[in-house]
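Think of it as A, B and C in the order they're written, each chain with its own count starting at 1.
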Amino acid sequence: MKEKNNKTHTQHRAKTKNLIIIGVLGLLIVVAFMISMNTGFIKLTPLEVIRTLFGLGTEKQHLILFEFRLPRIIIAVLVGMGLAVSGCVLQGISRNALADPGILGINAGAGLAVMLFISFFPSTAATPVFLLPVLAFFGAGVTAVIIYSLAYKRHEGISPMRLLLTGVAVAAGISSAMIVLTLRLSPENYQFVATWLAGSIWGSNWKFVLSLLPWILVLIPFVFSKARVLNVLNLGDLTATGLGASIEKERRILLAAAVGLAGASVSVSGGIGFVGLIGPHLARQLVGSRHQFLIPAAALTGGLLVLVADTLGRWILQPSEIPAGIVVAVIGAPYFLYLLSRLKD
Amino acid sequence: MSASAEVSAKIEKLTEIKKHSHPIVAVVVLFGGMFALLVAIGLSISFGAADIKLATVWTAVFQFDPDLTQHQIIREIRMPRVLGAAIVGSCFAVSGALMQGMTRNPLADSGLLGLNAGAAFMLALCFALLPGLPYMYLIMYSFLGAGLGVGIVYGVGSMSRGGLTPMRLVLAGAAVSALLGALSEGIALYFRIGQDLAFWYAGGVSGTKWVHLQIMSPWILVAMIGALILSRSITLLSLGEEVAIGLGQRTKTIKLVGMIIVLILAGAAVSVVGAVGFFGLIVPHLTRFLVGHDYRWIIPCSIVLGGLLVVLADLGARMINPPYETPIGALIALIGVPFFLYLARKGGKEL
Amino acid sequence: MSAIKVDQVAIGYSNTLIIDDLSVSIPEKKITTIIGPNGCGKSTLLKAISRVLKTKRGAVYLDGRAIHQLETKEVAKKMAILPQSANAPGGLTVFELVSYGRFPHQSGFGSLKKEDYEYIYWAIDVTGLNEFKDRPVEALSGGQRQRVWIAMALAQDTEILILDEPTTYLDLAHQLDILLLLQRLNEEEGRTIVMVLHDLNHASRFSDYMIAMKNGKLVKEGTPEEVMTCPNLQLVFNIEARIATCPFSDNPICLSYQLCQKDR
């Protein structure tokens, strides 16, 4: 009896450790949030930020925080969460460590849609800008559907390996179409598209927050509710079937969720693809590979990464900005390499 | 006892591979391919703004008359370009085949090693900091960049405790590519040179001169011969590291030499035409589809087919919308993507 | 009474049929062993029985109902599978992997309940993995890993256990350990066990019922005494076997064997 208590105790401790890690990640986001609120052309002290947040600041402070910085920060966090969870799902169902939303052609599809739009409606005036996220989302969705149907075989359904290969091929096709388009763009339009592709949180506006929020709020809890299914799918088709998971159905639902998350995120942020790859990997280092912990940890890691990257991007070359996607890769990749070299196997 | 049983089981597997590879098909592919390559080169030389007959091409090569303008055009502009295309194609194809065999990953190509990203990064740096650099130097810096990319990936991989597993190589390659890619994107945005880079890549093999071929060919020749010598070992390695060791291969040496060959071949190709990464991926798949799984056939056939495809792609690029040239990478994707999709549907699991 | 009935099934991958028109009944509450040479379709049959592969013709019936029409989760509560080559994702501990065996019994977010813990600890205990339970699976030896997968199948707590070569990677003592455990589960709790074994003497000693296959066809089924005969073994494996009766268990045992000369 006493021994049994001991056993549950170790399990309990592992759980507590993971909960603490998730808590710390949450705390870091809050810290990054405060710093980010303070970053920009006009300096505000932390006290002023807090005062303004509670409605006690001056009108100018209010304007800066609520109309410029806050929506941007929220979008950065949401985008990071969406991409990381999407990557987490894709790595889980494909059992391939290299899977990320890019594999489903989401970045490429969204990029092509934006590029087509810019090359045929070259006016980068205010009106079409609001159409961009819609188009990007549409492009991402269509590409994902194309890849899925090309990889789908009757009787056999969808094999993860075939999905990856198809994804790579379609993405390669799209990017060469983009090369052709690039040559036709005027330099100004090109610069706009290039910034978009590099992944910058350009949609810093409450409207974009509202268009992104429902996706995140619905799909992340949904994916979280499928944590056990993901655990089991991760064991391979044979074992998963043996354990009673209807793999074909679950895989389709989860793929759709991943496309929704990544598509919505990419539509307001451009191609911050790398978060979807390393977010889940970093989270796995922290909390292990059970999706009950992995999904929240990946969401927080992703959110933190993009928020920090966006803040740094605004700060380093003031007053000009570096796209967050570039900063993410520049911080994320070396850390990822460090982790890789430390791993035993 | 059990070890020897294991080895004998693996030898069985090996003979199976031999059985499943198709030597007759391979010979047909090899010689048919060579013939097609010669015809394609001839056609490609004769086609252009100034129309030249095939017979003239023949005389220009074998009875060169420096006073004839047509002979001059052929010798000075078209021949280096077409030969460059053939060489570049072979380089990409062979390096892709080596990578796939060594990592046992059907998605592997030279881009995976951080090679493309390294070359692109260096090129971006050159465009930003040293504008107006001569073509020759651009190629050399690109090659250096490719080496840098491979160096980082390989260094990180072998510094790690468990040594360089294929999985780790793939992940390190992805991370380094992302890093270098992001840096060149940043540079391109900051200096506003993105489109210039795109034009450079779109130019394909058009700028190739005799000098470049002269400098490149000895290296490439040595590397190609190396690849052919290595091909038997690569076949064994493609069965798995342990199997190869069991059969008496020094896998570490083979991998190192293999990587160096990949670096030379792909580095040279990338620095001339830019990152047409997908190409190195599809040709080995195509070859394997035709001649089976024995790398002693895959590698020579890849040389021929790779050269053939790029020469045709280059010809197509000039024919579609003259006098403008369509980017060669786009054309390769146009042929390659549907084919690759077909392959992925048919098998996809096998290497 | 049969637990599983295989009725005139044809099974295969894309265009090739591995098994054509095979019917067999697996008796309830008995240990059934499938034997046959490599590539004869043993694993394919197990995959069809465990609904991993769909049958092209015919059907597999579990308790009289076609298995493909049953809710897969309901099947998983009745039947657990140990596949031939299972591969765990990195970073999982033994406890975590075994706990996945409770999947079909959970719903919603599914935190582990007291009952779940009991089954998990029981499974870890009977497979002798107590000291390893907090270790990562990839740090274990091949044999220990095999026991973890068996523990996972046990934690699933099913009437039927299907095991594809459960004794590979195990040393002599551990092979016996697993087989004795399966025997105990069968005798004490009346569980139906279906497995593929390569060791004929193990098959004879532990099974109530044997099925011999060759080239996707059923060659012989029956008690070990009926199946383990010289003519049958020659037909199935192309070997000349010397069969004796074990002085301890009265089962037929294969003392030694030679390859048949003519067909090789």
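We take it that a residue touches a chain if its C-beta (ideal position, glycine included) is under 8 Å from a C-beta of that chain, and two chains touch if they have at least 3 such contacts.
Predicted model only: the values in this text are computed from it and were never measured.
Using the average of C-alpha coordinates as each chain's centre, C ends up farthest from subunit B. Core chain by CA centroid proximity to the global CA centroid: A. Averaging Cα coordinates per chain places subunit A and subunit C 43 Å apart.
A straight line joining the Cα centres of subunit A and subunit B is 33 Å long. Subunit B and subunit C have centres, each the mean of its CA atoms, that are 48 Å apart. With touch defined as above, residues shared between interfaces to two or more other chains in subunit A number as follows: 345.
Subunit A makes touch with subunit C in their complex at residues 4, 7-8, 10-11, 14, 95, 155-156, 224-225, 227-228, 231-232, 234-239, 241-246, 284, 288-290, 292, 345. Residue ranges on subunit C touching subunit A, taken from their complex, read 14, 47, 50-52, 54, 72-77, 79-83, 86-93, 95-97, 100-101, 103-104, 106, 108-110, 117, 121, 133-134, 138, 149, 152-153, 156, 162. Subunit A makes touch with subunit B in their complex at residues 97-98, 150-151, 153, 159, 161-162, 164-166, 168-170, 172-173, 175-177, 179-180, 182-183, 185, 187, 190-191, 194-195, 197-198, 274, 277-278, 317, 322-323, 325-330, 332-334, 336-337, 340-345.
Remark: subunit B residues 106-107, 156-157, 159-162, 165, 167-168, 170-172, 174-176, 178-179, 181-183, 185-186, 188-190, 192, 194-195, 198-199, 201-202, 277-278, 281, 326-327, 329-330, 332-334, 336-337, 340-341, 343-345, 348-349 touch subunit A in the complex.
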